[in-house]
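Multiple structures follow.
In what follows, chain A forms one complex with chain B and a second complex with chain C.
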Partner chain A sequence: MIDKVRQIISDLLDRGEADAVLALANEHGNVQPYLYKKGDSLDNLVLWPKYSMGPIVQSIQNADPALKLAVVVRGCDDRALVELAKRNQISLFNVRIIGLACTEAEAKECACAHPYPRSIDVGDKIDGIVSSDELAEVSGKDYGGRLQFWKDAFARCIKCYGCRNGCPLCICEDCVLEDDAWVKAGEIPPPFPIFHLIRAYHLSDKCVECGECQSSCPMDIPLTSLYAMIREEFSGLFDYMPGADEDRKSPLVTSLEEEPIREGTA
Partner chain B sequence: MIDNGFEPKILAFCCNWCSYAGADLAGVSRLQMPPNLRVIRVMCSGRVSVEWVIKAFSSGMDGVMVLGCHIGDCHYIDGNHRTKKRFVLLGKLLGALGIEPDRLCLDWVSASEGQKFQDVVTKFTSRVKELGPNPIVAA
Partner chain C sequence: MNCDFVLTTCPYCGCGCNFYLQVIDGKVVGVVPCKTHHVSRGTLCIKGWSAHQFVHNENRITEPLIKKDGKFEKVSWDEALDYTVRRMLEIKEKSGPDSFGFLSSAKCTNEENYLLMKISRGVMGTNNVDHCARL
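Up next, the complex of A and B:
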């Protein structure tokens, strides 16, 4: 698999179809994003662990908007790029996407329901994980049980903002979660549910299920289960999956004629 | 009207063009309504952001109503389309977190519907009475 990726990268660079290729490199035991240029050795290229590429593409394009960039992406990165492009944070015009389908073990580790990009260059498409145990546990509860579950989980929150900072789609320059009107500074844990519910609502039409929020969380709050429930509700209402279609706007910013609510769900 | 001794606190956002006038009409027509309501007038129900409603629940409101013009009658053409999408979604999110979605009421009341205002408020108040106090702030 990795040899095929190396082959694609060196072909793109040799033929001049890309000025640089963004992928992951293992430098002295640390995996980090690396911008490969023509003539660079590809020996240190790695594919795993996954790394959120959206914000990296954004900073590269801010520095050099004309750069012809290729980027190795997994399904979640691909969806994040689409959502960022829709919100004018990046441009996909100059970007060549090298799609990498996750293996079964990788999909299992992320409990990912869609472990493949829109177009796959390397790897085989496999079915996603439909539901994790934790998700089944909480969504099987009644309202009182769920409330207790989330109250207990969010009582651990130390308001480090890791979930927001790690999220590739949290792009607002002025975050409402830093505004005293909604979340007072210095209160730990933040009052339930205002902090997490505002974040959940803001992410409801953009969450690309990359799981960065949960992996950033030092207190092991099961955020991916919360966002899985939210994505399910959202697609139930609008039949919409964030990152699936570059040309389809979020239903929350269109009228009911453009994007109706599905019948029987409201 | 059920009477279990619990008097809920209910916040209503009413749009300037329809629901607030509808509330006025209900008032001048001397229609009897439960006194649990606090009304905030907004220029359009589309102006009501989700943060406000979440903050209302966080601050101990037992129920929140968002009332606007009927779909198609919005003074700002499609302001209430967004209201509808937003608050139908918020209802689902409340459910996912374990807060009864019935504590959030989204309805349309025009300026001539004083009677409907009374109905909506009475029904919602009695539903919230059944549900009991806000489970977020309850210890």
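Up next, the complex of A and C:
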């Protein structure tokens, strides 16, 4: 599998179809994002653990919008890139996507329901994980039980903002979670439930189930379960999946005339 | 354009979390937690996440300065070190080793802090050595 990725990368660079390829490298025993250029050795290329590529593409394009960039992406990265492009944070015009399907073990580790990009260059499409043990445990509780579960989980929060910083779709320039009117500075844990619900609401039509929020959390708060439940509600209401379709805008940002719910509008 | 990821240890507390500084064309633009590092495993506290912000701050002193006639002037490292050594020896001669206090930093490595202790006790002869957390 990895040799095929190496082949694709070196072909793109040799033919000049890409000026640089964003992928992962093992350098001195640690895995990091790496921008490969023509002539670089691909011996250190690795595919796992995944890093969120969306924000890195964004910072590269900010510095050099004309760069012909190729990116090795998994399903979640692919959806993040689509969602970022729809929200004018990046342009996909100069971006060549190298689609990588996750293995079963990788999908299991992320409890991912859609472990494949829109178009697969390497690997085989496998079925997603329908529900994690944790998600089953939370959804099985009654209202009071669920409230207590989240109360206990969020009581551990040290307000590191890791969930926000790690999230490829947390793109507000002025974050309300840093606004004293909503979240008082210097208080830990942050107010329940407003701190986490503001983020949950902001992400309701953006979350691409990459799991970066949870993997960035030093306190092991099961955020992916929270966002899985929100995604389920959201797709039930609007039949919409963030990042799945480049042309379909979020139902929360389209004009009322195109809205699926249109009672009372002209 | 160049985009590098430079592995480094968080400069704040002593836990030793690791992250990459994302460097685009020589400018540090962000922090990416290192997912394979055994201490931090892809997580950071709020200080680690913000550790890139002071790097290019315009208030940072990037060259040695000596106050001459009431005003700071840029000088070479050689001049600054010669001046410091001369003044320290003069003060030690006149007022004794305990007229010195050495304050080290949590942003230094263990080894750098050890060396400052050595200068304080071994070279200057005083036990007045402490760290920034007690400032």
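We take it that the second predicted complex is superposed on the first by the 256 of 266 C-alpha atoms of A that agree within 3 Å, B and C clash if a C-alpha of one lies under 4 Å from a C-alpha of the other, contacts with A are read in each partner's own complex, and residues count from 1 in each chain.
Following the convention adopted for this analysis, a residue touches a chain if its C-beta (ideal position, glycine included) is under 8 Å from a C-beta of that chain, and two chains touch if they have at least 3 such contacts.
Everything quoted here is computed from the prediction, not taken from an experiment.
> Applying the touch criterion given at the start, work out whether A:Phe234 contacts chain B, chain C, both or neither, answering first, second, both or neither.
After superposition on chain A, A:Phe234 lies in contact with chain B alone.
> Looking at A:Ile198 after the superposition, I want to know if it touches chain B, chain C, both of them or none. Which is it: first, second, both, neither?
first
> Name the chain, either chain B or chain C, that contacts more residues of chain A.
B
> Check whether A:Ser216 is in contact with chain B, with chain C, with both or with neither, and answer first, second, both or neither.
In the superposition, A:Ser216 touches chain C alone.
> Between chain B (first) and chain C (second), which, if any, makes contact with A:Leu252: first, second, both or neither?
Touch status of A:Leu252: first partner only.
> With the two complexes superposed on chain A, say which partner A:Phe93 touches: chain B (first), chain C (second), both, or neither.
neither
> Just checking: does A:Leu226 make contact with chain B only, chain C only, both, or neither of them? Give me first, second, both or neither.
Once the two structures are laid over each other on A, A:Leu226 reaches chain B alone.
> After lining up the shared chain so the two structures overlap, which partner does A:Phe149 touch, if you call chain B first and chain C second: first, second, both or neither?
first
> So which positions on chain A get touched by both chain B and chain C?
none
> Write out the stretch or stretches of chain A touching chain C in their complex.
20, 27-35, 49, 51, 55-56, 59-60, 63-64, 67, 158-162, 165-166, 215-218
> Quick one: which bits of chain C touch chain A in the complex? Just the residue numbers, please.
Residues 1-5, 7, 18, 20, 22, 24-25, 29-37, 42-46, 49.
> Can you check the complex and tell me which residues of chain A touch chain B?
Contact set of chain A toward chain B: 139, 141, 143-150, 176, 181-182, 191-194, 196-198, 200-201, 204, 226, 229-230, 233-234, 236-238, 251-257, 259, 261, 265-266.
> Help me check something: in the complex, which residues belonging to chain B touch chain A?
The contact residues of chain B facing chain A are 50-51, 54-55, 57-58, 71, 78, 81-82, 84-86, 88-90, 92-100, 135-136.
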